[in-house]
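A, B, C, D, E and F label the chains in the order they appear, each numbered from 1.
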Amino acid sequence: MEKIAVFPGSFDPITVGHQSIINRAVNIFDKIIVAVGDNSEKENFFSIEQRLKWIELVFANEDRVSVSRYSGLTVDFCKKVNARFILRGLRTSADFEFERSIGQVNKQIYPEIETVFLLTTPEHTPINSSIVRDILKHGGDASMFVPPEVEF
Amino acid sequence: MEKIAVFPGSFDPITVGHQSIINRAVNIFDKIIVAVGDNSEKENFFSIEQRLKWIELVFANEDRVSVSRYSGLTVDFCKKVNARFILRGLRTSADFEFERSIGQVNKQIYPEIETVFLLTTPEHTPINSSIVRDILKHGGDASMFVPPEVEF
Amino acid sequence: MEKIAVFPGSFDPITVGHQSIINRAVNIFDKIIVAVGDNSEKENFFSIEQRLKWIELVFANEDRVSVSRYSGLTVDFCKKVNARFILRGLRTSADFEFERSIGQVNKQIYPEIETVFLLTTPEHTPINSSIVRDILKHGGDASMFVPPEVEF
Amino acid sequence: MEKIAVFPGSFDPITVGHQSIINRAVNIFDKIIVAVGDNSEKENFFSIEQRLKWIELVFANEDRVSVSRYSGLTVDFCKKVNARFILRGLRTSADFEFERSIGQVNKQIYPEIETVFLLTTPEHTPINSSIVRDILKHGGDASMFVPPEVEF
Amino acid sequence: MEKIAVFPGSFDPITVGHQSIINRAVNIFDKIIVAVGDNSEKENFFSIEQRLKWIELVFANEDRVSVSRYSGLTVDFCKKVNARFILRGLRTSADFEFERSIGQVNKQIYPEIETVFLLTTPEHTPINSSIVRDILKHGGDASMFVPPEVEF
Amino acid sequence: MEKIAVFPGSFDPITVGHQSIINRAVNIFDKIIVAVGDNSEKENFFSIEQRLKWIELVFANEDRVSVSRYSGLTVDFCKKVNARFILRGLRTSADFEFERSIGQVNKQIYPEIETVFLLTTPEHTPINSSIVRDILKHGGDASMFVPPEVEF
């Protein structure tokens, strides 16, 4: 059975941290679907189209990685695309506490879906999309925190 | 002197975690008042009337538990109802850091009021009202995380 | 039914933090048994006799507090003395993680025994017996961190 | 070279915790600039003018402390005022995780700027501006958590 | 290329938590080697022979799981057995902080080896080998925390 | 008044993390004394002479940094050498909880001594002396985690 993992998130925008997690995870799974949440009620900084396009550009040469938009529960999307795994990166213990709740609740809803975690590398640990947006809002240069394909 | 405890919260909605804490706390206190914050500026998912009604249904057969709505400071409500104790459940260390600040500040305002903590059971640790609301927003089934009296 | 709580620990030595927790807990329980672990394999700084004597002195005028030594599991001691509650103080989130494991395991062994937590006051948060011993080992003055009845 | 530190924040309002950090930091630096973020998109409780005025009153007799408003990135403000140091207080491990991300990202943007941390004193650990605002919103008395110069 | 994961530890003794992690991980990897550290300087509760035997019994019917003893660095053992993955379970944020350091250091030594984390289930979160040993030392019954094949 | 900071520790051995903290701290203080604890009861991996010698070699060309051995309380050593500051690096939130207790207790003993914290850089966050010793004990190569002057 093919091992498909969903890597869900807002990716608002994708960071070098996300990129590194995905690049390492292709050694574990047969296929990774980067699933961009299309959450109408949440206000995003970049449009869903822009966020999807950047991810496509970043993984243009990586056949095992595809990009999808989804709404609804992440576990429902997993079932729809036959993914038995959810992939997440862990940066800090605050991250961990949050991810543990989500992961354990997801498992209670669909016990056959497993969340698999990789560590961010030390140099990516302080970086997340929220800090990137904050730098942009204040007129700073955030290019060192995103893949070169992401141009603001 | 009667030992009255206030269990304050939004209960938006009440979860199996809340229920378990209250059911265990009736062995400690003579009376528990579940106090639902009526916070006009905070947007709630369920109306205050709905939230109160569910709690009443859940504890319909438990004389030692009553339900009240309140606004203003929790410690002021405690004084009004002659409660010397605030009851809180602890799930995670993130919870703990938050509760410690509130509890220590409350004690500084009214030294005679004591906050008493019980642990959630392991299986309830990942569950809170925010996750329940999130499941509902995304069209999922959250019934396993709330008491049977809560029907969405 | 009388509400008896066991406050277990090494108390090597008792600190102002322990004292404050006990003094506040007498408002919750009918009786508090300070239970000093007599753990032959663990090396203690002060003898079990010395540790017991200090606690007796500190609570000499408090009828609701008694002192006992015990070995074996804390929950077994609770059953023996008809205590349905274990009392613990919480200082930090590191404390919390540790206490949560112990508390949840204890509940799994004897579901009828409940662990009840109080917060240390802010000024006692940095203090524990281990820091007191460390000060003493290095020839410092630790008297401000222990009750006046504890004389080194 | 003069050692200038920027102490950035919303100060909505300044608390006794902020005051204590600044009063202790004047022994480390030659000059401290309390930098109040003028963030048009973030809704504040007190106006920027009010927040600035309170800080000026609190440090009216301390020549080494001045007050400024700024917008944009904190590190850009530091460069503008020739500050090589950012001063921050640490209360809890939740604080720490947040501050570490910001501090490490700031250092990556401008490696010559160093963030320096002081601990809050134990009695100030539970207090922050958000809790002060919460007390005020609920009609409580928050005067014990702010310097006497702050009158609501 | 075969996906081999090493699950390293002391397993002093193996718990239901370890068992659950391994049973779920066989869906991710082709082969899992439970690697029991033979650390002469660390004093263990059960002999290395006993610890190995229990694990063999627990996974006697699972072809994809084997058991080995090893000494030296875990990453050196991984290289020796052609494992590109280290498998670890995460229970608490204290666990996480510890595992992150080890995982990031391992990756710095051998960048081609990836540590993969699964969450313990909520009911196993409070359990670890150290608590099991503690129960045994105090004469308690720890059988509910270990697989049935482990008989004390 | 000269600003003297003591950087206390076991330095068993000094790591690239320690080195980085000291190199950045010379911009804050006039003089930094690396104070190596000579704790007869604690068993060290490297002799006090070896540990001192390595630190001297690492800072041979930095006039503002000197090395001392000391026993007794760190705050007593500070008073003896007229240091008003204790310098510490912060890596993780586990570190932070530990350092906060020590720092707040030190301040209670000698209010005039201030502990000042710097963040480790992201790439040094996973590294500490204990991990270096662990690598060495298991026959690994730890040279990338220590300054080049440290030769095992």
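The definition used in the following text is that contacts are C-beta pairs under 8 Å (C-beta built on N, C-alpha and C of every residue); 3 or more make two chains touch, one makes a residue touch a chain.
As the structure is a computational prediction, the values presented were derived from the model and not from experiment.
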item	value
Set of chains adjacent to chain E and to chain F	A, C
Same-interface partner of B-E, chosen from the options A-F, A-D or E-F, over half of the pairs matching	A-F
Copy pair chain B, chain C: interface residue numbering same or different (half cut)	same
Most widely separated chain from chain C, with each centre as the mean of CA atoms	A
Computed distance of Cα centres, chain D from chain C, in Å	38
Chain A-chain B separation of Cα centroids, rounded to whole Å	34
Chain centre separation (chain A, chain E; CA means) in Å	28
Where chain F touches two or more other chains, by residue	92-94, 97, 100, 103-104, 122, 125-126
Interchain pairs in contact, sorted by label	A-B, A-D, A-E, A-F, B-C, B-D, B-E, C-D, C-E, C-F, D-F, E-F
Touching residues on chain B, where the partner in the complex is chain A	92-94, 125-128, 131, 135, 137-141, 144-145
Chain F partner contacts - residues on chain E that touch it in the complex	41, 71-73, 75-76, 93-94, 97-98, 100-105, 108-109
Touch list for chain F against partner chain D, complex	3, 24, 27-28, 84-85, 90, 93, 96-97, 100, 103-104, 107, 114-119, 121-122
Touching residues (chain side chain E, partner chain B) in the complex	92-93, 122-126
